[in-house]
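The two complexes that follow have chain A in common; it is paired with chain B in the first and with chain C in the second.
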Partner chain A sequence: MSKIVVMTSGKGGVGKTTSAAAFAAGLAQRGHKTVVVDFDVGLRNLDLVMGCERRVVFDFVNVINGEARLNQALIKDKRIDNLFILPTSQTRDKDALSREGVGEALEKLKDEFEYVICDSPAGIEKGAVMALYYADEAVIVTNPEVSSVRDSDRILGVLQSKSKRAEENREPVKEHLLLTRYDLDRVERGEMMAVDDVLDILAIRLLGVVPEDQAVLRASNLGQPVILDGTSTPGQSYRDAVSRFLGEEIPHRFTRREKRGVFQRLFRRTA
Partner chain B sequence: MKLLDFFKRQPASAPQARERLQILLAHERAGRDGADYLPQLQRDLLEVVKKYVAIDDDKVQVALDRGSDVATLEVNIELPETAPREQRRSA
Partner chain C sequence: MMIVDIPAEGDPLAGVETKLRQAPSFFDGAPVVLDLLAVADDARVDLIDIVARLREMGLIPIGVQNGGDRQNATALAAGLCPFPIWRSGRQRPERESDSNGEHDDQELAEPQPASGAKSQDGQREATAPPKRDGTPALLVTRPVRSGKRLYARDGDLVAAAPVSAGAELIADGHIHVYGPLRGRALAGVRGDETARIFCQSLEAELVSIAGAYRVREDIDEALIGKPVQIFLKGEQLVIDPLVRTPK
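Here is the complex of A and B:
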């Protein structure tokens, strides 16, 4: 049974596209046929983060308008089997995505793929509602910062009232929290809300905590999903999150300081 | 001076972030749970009360509390200490 998963946040710049790219790549690495769809019409960036910007010929809007077939618009990832990207259009027409058109395209994708990851635009307006409307599950990408947490709470409200599942009174969209840009040093100094603070406020299941790390910028510079960098803390953290999403129970990492011996501390740089 | 700054740490700000969010979101969620008529109800009640008693605009408070079985609508109207009706009669 294939699933539609939306990456959403309300607020912009919290790491939706980075997370969508990493998450889709992670699911594909685990052997699940996955497509990641860019819903941010006009501000296409998923292709850039995935490193396939020069291979875009047709896009999601072409498919919806009947100007291209789905298979012509889908881009197969060169690094990971089972991974495909459906880029969006650069058009400035805000009504390029119709609810019926998106619904039809997603149905076709569900026939071919196990997971359809929808990378939502920021905001709580039409574009964001379109991205979450057909979702079975939602990953709420949040930074430990007041405006991000507030906007996440608002998008949860939208999920609970405006999604197709809500409208049809079906089982609600399953919600997961992905806390990104987490800085343990600042948390320990009392300058940043801790995981538990955000969990208390939003009260949804924690999928993962992704540390603030240089690897994320490096990955987007190179056009590689950060999950491919398995030595980095974000890479490992996204892998854990994917495992949890697939139902595995694994303890959270990078949420508290590892206890190091004096010896290890002295040789931290070289170790 | 620089050395002194190093030892003088700024007070923790995260607890404030948490507290402000809890208060704000409790408010925003109450308005979201299908009770978008509450502000209008509050204004209407205020108008009615004002016909009889001179009160300030912030003295009528309405709140909706949804339990699992019943929802309670709490209306709190605070009257001034001196009876304004008496005053109006003598005027």
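Here is the complex of A and C:
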């Protein structure tokens, strides 16, 4: 059964596109046929982060308008099997998205893919609502600071009132929290909200905590989803998050300082 | 909803301006009813000008009350609804007689029964005081998210989940929150002064009973995070811990 998953946040610049790219790549690595769709019409970024900007011919808006077939617009990732990208238009704006057009395109994608990841634009206006309207599940990308948390709270409200599932009174959209740009030093200094504080306010399931790390910027500049960098902490934490999304129980990492002494480590090894 | 008394003398909107200075964003977009009791059919009062000024202040004038026939006609022509008599439990003569000195401006906002019930409720508010007998409570079990506004008409509102900052709970009756109350809660918005607010953890941005309100800044820090009940005692808004810590 294929699923539509929206990456959303309300606030901009929190890491939606990075997370959508990483998540889609992670699901594909795990053998699930996945497509990641850029809903940020007019501010096309996903193709850059995925490193396929030189291969864009047709886009999502062309498909919606019937100017191109889906298969003409889909770009196959060169690194990972099962991974496809549907870029958006840079020259149009959000008005190019119609509810029916988006619905039809997503229906077709659902026929072909196990996971359709929708990379939402910021805000709670048309573009963001279009991205979440058809969602079955939502990954709320949040930074550990008050404005981001409040905007996430707002977008959760929008999800539960404006999505198709809400309108049809079906089982609500399943919500997951991805806490990104988590800086343990700043949390300890009291400059940033701790995981528990965020969970206390948002009260949804924690999918993962992604540490603030240079690797993310490096990966974007290279056009490589950061999850492919398995040596980096963000790469590892996105892998964990994907596993949790697929139903595995994994303890959270990177949320507190490792304080194990030599003795404890030895003890653990031998035990 | 905000009722503005137009005084017989002086700038008709001086009171509103003071209020807006105290809480600028709270009244943003609030529906306003002009009370013309003191100036009924006084030709010096320029309704059209007052309405234009209110709109400039970001308020939404929706009607007049206690006006004379000519004023009512002007109001209608200006797209305002002339309400017969306001019956939201606020009885001006009484209030004037018993507010001798002990009225605490810090605690009690004066002429502003609840901002909550918005314009579409204007008309029915004008008709009758709420009758709450037999109306089932509005129950919500999912978190009330920022930006969400819930209104329990004629009855109580029960939230068995957290209420986020930026959310608004409005009820004609009581409000119960079994979880942290971080948004706004306005009980008794149609004038029921016996309405109360109960919550498990008080972290609200604003609480109000029958128009008397208090913002977070004016709530005693010692009560924050505590289970409390909030009610009106005379004109005083009282916030009482539900569990008293033994001394």
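Assume the second predicted complex is superposed on the first by the 257 of 271 C-alpha atoms of A that agree within 3 Å, B and C clash if a C-alpha of one lies under 4 Å from a C-alpha of the other, contacts with A are read in each partner's own complex, and residues count from 1 in each chain.
Basically, a residue touches a chain if its C-beta (ideal position, glycine included) is under 8 Å from a C-beta of that chain, and two chains touch if they have at least 3 such contacts.
For clarity, every value in this text was computed on a predicted model and none was experimentally measured.
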When chain B and chain C are modelled together on chain A, clash or fit: clash
First (chain B), second (chain C), both or neither touched by A:Ala203: second
Touched partner set for A:Glu191, first chain B, second chain C, both or neither: first
First, second, both or neither for A:Arg170, with chain B first and chain C second: neither
Touched partner set for A:Arg154, first chain B, second chain C, both or neither: both
Touched partner set for A:Lys76, first chain B, second chain C, both or neither: neither
Comparison of chain B and chain C by chain A residues contacted: B
Chain B versus chain C as contact partner of A:Arg256, first or second or both or neither: neither
Identified clashing stretch of chain C versus chain B [109-117, 127-135 or 217-225]: 109-117
Shared chain A surface residues [contacts with chain B and with chain C]: 150, 153-154, 157, 161, 200-201
Chain B partner contacts - residues on chain A that touch it in the complex: 145-146, 149-150, 153-154, 157, 161, 187, 189-194, 197, 200-201
Of chain B, residues touching chain A in the complex: 9-15, 17-18, 20-22, 24-25, 28-29, 32
Residues of chain C touching chain A in the complex: 142-148, 161-162, 164-167, 180, 182
Residue ranges of chain A touching chain C (in the complex, touch as defined): 124, 150-151, 153-154, 156-158, 160-161, 172, 200-201, 203
